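What follows is a set of structures to go through.
Two complexes, one shared chain (chain A), two partners (chain B, chain C).
This part shows the complex of A and B:
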């Protein structure tokens, strides 16, 4: 696919076109932060943003959603709730957020696909945008191998100054560009400019892990019984914020809600968190991770080992949102480096 | 037969009960499933019991109230604490850390001796309490959820996670980012993080989660500039009876 060029002044016209046929989701500024949400005008999109406070996960897995409706009685009736598809363009996702959706896909689409996730995902088009410098001191995307989007987009923009270079990742992306934008093919000079910008980008991102991330599963596994986790848990409030703002966490609880007529109701799923006291409580009252130390360790092992083993992808994309939201500033960069220190001394 | 329901009160503002008439047409629908036999605030009917489900609002602040509560307990199959005062002592327990004589003189002036009172305590300090509708005031929808669960023979379940969870589900910007010091990280959720969602800090009216990380929370508040005394004062607003302030 040729690399295309879209002048910055032509972006509003592109978004305008998309808005005719799609719901457009983009980063919007609010109280000094950026949040993903639907936009109604191109100027609402703050394309040159550092990071959105919350990940795009909610567009595929809402915080709370009904999964079935039921009616009790002699012949109980059950009907799945499947949302009608809404074609969406997620405009301006950073590479870390593109990678996070890759992990959610692996969890929800592989075996036994989830109907609602699948509908939302099949109807979503990703227009990514490159990060040319780290968003802040908490991000470690380069270490986790998610700074490069690795083709996981429909379209991908890179800031060349006056214009964006647009890389095409899919037929849908190509069609979108052709139908709604005034993009043209890049000249030789523009192509070399893109290569230069990429090289500079890679230099701008420092390595924050002291080891190669592919060793994380082995490093973590060797320190399972370390007293480190107990010490760390003393600082942790167990509030669950780290997992609830995580772009790859997908654990949820399933609850039944009945109406006041006591016969009709719905089954809902809501975001849950493995940090919470009752997450591992099962029928009969047994809690197989009763201490915060166990739960906090479990969270880091999900990110750095278990999901890797299960899905073949790191469970963490290095976006740093967990640290940003953690009031105790428990930081995976520090945790992974501390555990590596123990590992290398053992 | 419809279960017989009674509502009583001790030291409180009766604002939690007031949420029940605020249910409006839903109250009429609820009355198809229950018989309200005693409710001074909302009905002229009165029954001496026994009751299937009894909601009790308010904290115990006078010695003789203990006997009255014990009698209510004896006549009730299920007893539910309604609101923060009944559940955790609530704002009434702010006085517990003050000089009791001084407090009485401040409130009742030269008639203080006519009004003997004791440090405020939740119902559970006197009798066994089966379930709780937390909050100041209660959330009327949660009152309905708990009542529906009982009507269906299910155990009412309260969230045992903190308000932070509901803030994150709502994509709120943390109020700590706005310079407020919030009790949300250790306060029981179930209010849909109402106060932080509207820009205020959580003051803890729903009580603590079961295993709060108090020390970690104190460290966080200290990081945000609070000294030990400030921290205890924040906790004292609703948790005056709880161990955490002792």
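This part shows the complex of A and C:
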């Protein structure tokens, strides 16, 4: 697939075209932060943004969504709730956010596919944008192997100064570009420029992990009983903010809600957090992870080992959102390096 | 595309409700379409009381018994208390059967040692019934069953049926005046048991504390770890490997359990 070029001045026209046929979700500036949300005008998209406060997962797994609707009675009537598809373009996703969606896809589309997730995902097109420098000191995407989007996009933009280089990752992406944009094929010089920009990009990202991330599952597993987790838990407040902003967290609860008429209601799926006390508690009160130490460790193992083993992809994409939002500034890079230190001395 | 909605239950009607103890009731159910549930002993279903919620319950009858299935439910949480308030004829939602049950293929032709503690008898009753109905497929059967007090013993009127399958030893932790049998925790029955460890499959279901001790007894009997199976309780909220609540380290109990081979899970620190 040839590399295309889209002049920066032509981006608004591209977005305007998309807006005719799609809901366009992009990074918008609000109160000093950037948030993904639907845009109505091209200029609302702040394409050159450091990182969005929240990851894009809510567009596929809303914080709260009805999954069943029921009418109570002698014979209850129950029907699934699958919302009609809204074709969406997610415009301006960074590589970490593309990778986290890749993980969610593996969890929700492969075995036992989830109809609600599937409907939303099949109707979403990803236009990614390259990060040429770390968004801040908390990001460690390069260490987790998620700085390179590895083809997990429909279109992918890289800032070449005056214009964006556009790489095409799918037939849908190609069609989008052809139908709505005035992109043209890149010249040889522009292709070389893209390569140069990429090389500079890689230099801009420091390596912060002291070992190869692929060894993380093994390293963590060897230190499961380390007192380190108890020490770390002394700093953790167990608030669950990290799971709330995590781009790959997808644990959820399912609850029934009845209307005031007491005859109708819905079953809803809501985000849950393994950091919270109730998470592994069964009826009768037995809690299989009663201590914060166990719950905090579980979270790190889920990111660094369990999801990796289960889905074959890193459970942490290095976006750094958890640290940014953590009151105690617990930082996965420091945790992973500390555990590695113990591992290498053991 | 997925054909069925993962979280959509089928309707089932409660045919009969029997009070086993003040805390436990036995529900006999049939799917609305009359079809058998299609389960294997040791599997579980997600039971819905619409408007209240959904929870995992192990199936306590054998698939060999016909088109109905039974659930032994202790009133202990919101959904189970709501179930206890229902009357015969009421309809509930059923998803499943889910998970892996007892290893019938491995057990065929082998002797079977069953150790049930408290409510652990529920899934093991399914197995005992199955063995009874296909008696010639299995070798010697021994059943150990312990409860805290005589009043908590489940399926008391079915003990003759279990005796017809093999030796059944009962114990209670604490006796009352009515009790003439053995007193002591379940492991105190073990010295009375002699099994051939090379041709015995041991199956145990009970509270977590029981596992620690009964596993030691199995070891004393010489039963190798890979011939021991146990069922682990966790919060299987979705039943389909998504919600994360039932995880033991990286294992989803709803998918890979609830029945596990002991050799395969003993190195998972969160398992026991």
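The definition used in the following text is that the second predicted complex is superposed on the first by the 346 of 346 C-alpha atoms of A that agree within 3 Å, B and C clash if a C-alpha of one lies under 4 Å from a C-alpha of the other, contacts with A are read in each partner's own complex, and residues count from 1 in each chain.
By our rule, a contact is a pair of C-beta atoms (placed from the backbone, for glycine too) under 8 Å apart; a residue touches a chain by one contact, two chains touch by 3 or more.
The shown structure was predicted, so the numbers you read here are calculated from the model rather than taken from an experiment.
After overlaying the two complexes on the shared chain, residue contacts for A:70 are found with chain C alone; chain B is out of touch. By the document's definition of touching, of the two partners only chain B reaches A:234; chain C does not.
Shared-chain residue A:245: touches chain B; no touch with chain C. Of the two partner chains, chain C is the only one that A:113 touches; chain B does not reach it. Contact with both chain B and chain C is seen for A:258 once the two complexes are overlaid on the shared chain.
Comparing chain B with chain C, more residues of chain A are touched by C. In the superposition on chain A, A:54 makes contact with chain B only, not with chain C. Once the two complexes are overlaid on the shared chain, A:306 sits against chain C while remaining clear of chain B. The intersection of chain A residues touching chain B with those touching chain C, taken from the two complexes, comprises 258, 262. Within the complex, the chain C residues that touch chain A are 1-2, 5-9, 11, 50-55, 74, 76-80, 89-91, 93, 208, 233-235, 237-238, 240-245, 247-250, 269-270.
Per the touch definition, chain A reaches chain C in the complex via residues 67-68, 70, 72, 74-76, 78-80, 82, 107-108, 111-115, 118, 224-225, 250-256, 258, 262, 265, 267, 269, 272, 274, 279-284, 286, 288-289, 294, 298, 301-302, 305-306, 309-310.
Note for the complex: chain B touches chain A at residues 26, 29-30, 33, 144-145, 148, 151-152, 160-162, 164-165, 167-171, 173-174, 176-178, 184-186, 209-211, 213, 215-217, 219-220, 223. Within the complex formed with chain B, the chain A residues making contact are 30-31, 33, 35, 53-54, 58, 63-64, 234-241, 244-245, 257-258, 260-262, 270-271, 273, 276-278, 292, 325, 327-328.
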